[in-house]
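You will see two complexes here that share chain A, one where it goes with chain B and one where it goes with chain C.
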Partner chain A sequence: MSAPGSHAVSTRPYLLNAPALGLFLALFVAPLLMTFLLSFNTFDMNRGGILDEYSWVNYLEVLGDSYFHEIFLRTLLISLAVTLLCVLLGTPEAYILHRMASPWKSICMLVILGPLLISVVVRTLGWAILIGSNGVINHALIGMGLVDQPIKLMFTNTGMVIALVHVLIPFMVLSVWASLQKLDPRVESAGLSLGATPFVVLRRIVLPQIMPGVLSGSLIVFALTASAFATPSILGGRRLKVVATAAYDEYLGTLNWPLGAAIAMLLLIANVVIIVSYNKYIERRYAQVFK
Partner chain B sequence: MSFLRLEGLCKQFGDFLAVDDVSLDIEKGEFVSLLGPSGCGKTTTLHMIAGFIEPTAGRVFINGKEITRERPNKRQLGIVFQSYALFPHMSVFENVSFGLEMRKVRGGERKKRVEETLGLVHLGDFAGRYPSELSGGQQQRVALARALVIQPEVLLLDEPLSALDAKIREDMQIELRAIQRTVGTTTILVTHDQAEAMAMSDRVAVMNTGRLVQVDPPFTAYEHPGDSFVSRFLGKSNMFSGSVESVSRAEVLVRTSTRIMEAAVPRTATAPLASGAPVFYSVRPEKIHLVGEGEARLTGNVEARIFLGNHWVFQIATELGTVIVVSQNTGEVAVAEGARIGLDWEAREVRVLSREENE
Partner chain C sequence: MNRNTPLALAFNLIFLLFMLAPLVVVCLVAFTSKGYISLPSDGFSLRWFKAILDNPHFIDAFYLSFYLGVASATIAIGLALPASLAFARYRFAGREVFLAFFLSPLMVPHIVLGVSFLSFLTSVGGYGTFLGLVLCHVIIIMPYALRLVLASVTGMDRSAEKAATSLGASPWVTFRRVTLPMILPGVAGGWVLAFITSFDELTMSVFVASPSTTTLPVRMYQHITETIDPLIASLSAALIFVTMIVMFILDRAYGLDRILVGKGK
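Right after this comes the complex of A and B.
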């Protein structure tokens, strides 16, 4: 035992990591790999479902069919709209929260984070009650005589976007909030003392410094919207499919698992490409803030 | 009317009176320090001048014009913050240029003024750097340049040197003072460091518990402290509790616990000394000489002896308590610890300061 520690020290970190690594491999990497492999299987109902033949046929089907183009495009547009709305609403929300005085700050924080404590399905069903043709909003509008016909929000893109913004805005607020915490409160005073109006201080001094928060918030919101399932399936229904609900339908409706897997893989790739290039762009643009 | 005038400024936070009736007149070009322990209201006072905190009562005038309710971005003030508060996403040049942009100074003129000011703080070569690439001292200079470039009517320094190392801090004190003399901007420095305040200012304004206690040139404030707080806060002092035995035109006799000692009549007495009034008999450590036992006013044992290069500090146990003595290093080894020694001082070096009954 001349050097008792040397061997143990070099393996210990790996041993300590092993349980987490094992869990990660078993529950994330393995299913992902299996989905990836599954997406190359061919499928024929008449010959008994999934066959042991490998080809690009599923990918070609998705990429060549305008039905799927529409679904992907809808998903992209909804994701962009939700992300944009979350930035426009969440950033000021976080800033106002940041400037609030002590008791109200915590109370409002709780109100904003409250939705995260409730299941997304329950929250979405809540929105269905609100925006349905017989829902609270339409009853109120008709009752006040503002509209004759119920406004159609249920099973529309607008309805989905509204509900998704509500579901996802806490992530935006939290993310911007975190970068506001790192802001030296005196820089705003410094800006004012140099003759800048409060608005100029906000635009030229505060906003550039909280860009990392806005960026990470919008990445989280975009990724979660693009892969959202519960809200689109309840509020979008069968007709307004997004990629996640389309994959679900292939798996459980037509039982074409390989096609569903191919859709899932394409969503993953699209998500990664968009997020990585957006990240690169912003980091270059605001290089100094990220240091 | 003076250039900058504070008139009865008060600030109340809930039940707490942070600033209590502060009035101060500052001449154009003067360098005044607001000095006091933390929580004495000095920073709150500065922020009321800057417009970040609204006074509960009182008024602020600059150049005869009242600015008490003026918005901070409308006051022509330059401020250097303790944390520097540089804009991290802007280069040094952009940081300094920001105030000029807000004043709509055009490109060429702006560039010239930014470069001039960066030269003044010896950062001419750093214009393209970002704050994160600079040392603490350099960031401090950028903050100063950013405040000076707009040619403010008054420069406010909020503990600007407290985040720096001792060595750089001393250099910056000298440099800051030199820059202030060059540009001639009326300056208010907030600090809790008495050495810094004395080194840099024309006058120090000592604050305690929200009140302005004494406003005087550093030498006057040190030599003739108005009360025991100032005496203790500016430098060190040996203070013996006692009461006035008798007052004549030539001297005051003070009765301490064991003996009666004489002192010169105070130059400016805050309140006339009456027989029996509780007072401190106060002598600065450097005014006490170590002498033979026979010729001494007081004798004691050397408890501790600390060598600090240019001077010695002695702690001497006497019948009146521990006395601190500071003497110049004259090149000879000083008295040993444990030795019996006599202490002497001139009666005119003694200050008789009023004392609360239970102090």
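Right after this comes the complex of A and C.
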């Protein structure tokens, strides 16, 4: 940061940004604008597909059809369930990791974060093998005589939620972990030495300070679940559609691109509104923590 | 100082088992000798690993994904490096806006990017081309590359640069011989994370991949939606092994938590 301001009118920073800016305008802004416009196009298979007529018809169809209501509602409920489970399981896990001694701590971190580097397709395949009606879990349960009939998890909302928690919980652990790093251990010790029980220390000292991490972790998990494609598609099958798989089917199944574009746009708008307003809320609520 | 209670350790153990279970089961099934999904109860067999090599679909898709990852990660770093220098060393009008703009693909669901790239590439004639696929991947991995490169440029001690300049080195020589070697670890980390992100990407690629440009995750996804057999398990197991090696190297070199912080944002 040498002499900031001396280059205030220099064109150099703009030149340095120009290549990335050019690519982003051409391949990020233009395609999104095209999809936005496409979502207003009319589609009629009998008249040759996409027509040059603009209207709100696609949005009215999505917002007025109970078929799509069910898809949006299912996506919302799955996202809430996955987020809640990630908070309830990921937060204590991050805290336990935080209190671990060094060699074990890094090994556990590796096990939890490593899956982030492995393709979601592979991780979902693992769950498909585990929970299928011929799957490993059912074989084991029947073999042990615990159940007579295979438990149905494949192609159910429960199966999707379990697998999505597995896919996304590393983000939760990571986010809480990052805020635990900023925690001053002496404050905890002070609380204990002044006679607070470990539970009170956890409740009154640790939890308030890691709340920003929990909240931003839930935001990541919620947003990624709401737009998840691979896991719902493989484990939910054709019947249990979510928003992302519904858009996929409109594009590559029925070839109704304008309707698919409208679904995608609604997903994008919901995503951006939730992220921006949630971030605003966190920043306002926890302004002092970020300083 | 603080010790975890036995209850906490039990929770940790179950948590780790939950994280490992689907990956372990894939690796076990991969060694089955049977023609269907089953645990290798009567001896381990490598027949399904051999079967990968006999399947040109997967081999071609692997090479495509590999070259795609190399090309898009390299381009992303090539764009992120000058941009990072601008962000770290200049105060200019629109600085915050530019930075937010380059990070904004993280806010856009990949399904939305997928449909947008499909319409765009179709209308400009880039659908089914390798270049089109590469540029779409650059947009997606740019935020990861930018974050890690920016972190290393910002954290760099600039006194060596000043020394080089005062000793008469030209700006280019200073950059090439002093700056670049100093930020290389961060740049390399950014490249690897960008490569992995590109190599694993499914949701966007499923839209822009044509029959001639099908990436490995897309091929695997198509295979799984039709049938789940030991072949796909052995391929997945092979990917898990390779990823584990990369992961250990990354963890030794940088610390996995430091590289991955904010990957999802």
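Just so we're on the same page, the second predicted complex is superposed on the first by the 264 of 291 C-alpha atoms of A that agree within 3 Å, B and C clash if a C-alpha of one lies under 4 Å from a C-alpha of the other, contacts with A are read in each partner's own complex, and residues count from 1 in each chain.
The criterion applied here is as follows: a contact is a pair of C-beta atoms (placed from the backbone, for glycine too) under 8 Å apart; a residue touches a chain by one contact, two chains touch by 3 or more.
Just so we're clear, the structure is a prediction, and the values are computed from it rather than from any experiment.
Looking at the shared chain after the overlay, A:V272 reaches chain C, while chain B stays out of its contact range.
The partner that reaches more residues of chain A, of the two candidates chain B and chain C, is C.
Of the two partner chains placed by superposition, A:S66 touches none, neither chain B nor chain C. Applying the stated contact rule after C-alpha superposition, one finds that A:V136 touches chain C and leaves chain B untouched. By the touch criterion defined above, A:V122 lies against chain C but remains apart from chain B after alignment on the C-alpha atoms of chain A.
In the superposition on chain A, A:L113 contacts chain C only, with no contact to chain B. In the superposed model, A:V187 lies in contact with chain B only, and not with chain C.
Note: residues 189 of chain A belong to the chain B contact set and to the chain C contact set alike, using the contact criterion stated above.
On the side of chain C, the complex with chain A involves touching residues 1-4, 8-9, 11-12, 15-16, 18-23, 25-26, 29, 37, 39, 78-80, 82-83, 85-92, 95, 98, 101-102, 104-105, 107-113, 115-120, 123, 135-136, 138-139, 142, 158, 162, 196, 199-200, 202-203, 206-207, 217, 220-221, 224-225, 228, 232-233, 236, 239-240, 243-244, 246-248, 250-251, 256-257, 260-261, 263-265.
Note for the complex: chain B touches chain A at residues 50-52, 71-75, 77-79, 81-83, 85-90, 98-99, 102-103, 130, 132, 146-147, 150.
Of all residues in chain A, those touching chain B in their complex are 184, 186-187, 189-198, 200, 204-205, 208-209, 286, 288-289, 291.
Those residues of chain A whose C-beta lies close enough to touch chain C in the complex are 1-2, 4-5, 7-8, 10, 12-14, 16-17, 19-21, 23-24, 27-28, 30-32, 34-35, 38, 89, 92-93, 96-97, 99-100, 106, 108-130, 132, 134-136, 163, 166, 168-171, 174, 177-178, 185, 188-189, 216, 220-221, 223-224, 226-227, 229-230, 233-234, 243-244, 247-248, 251-252, 257, 260-261, 264-265, 267-268, 271-272, 275.
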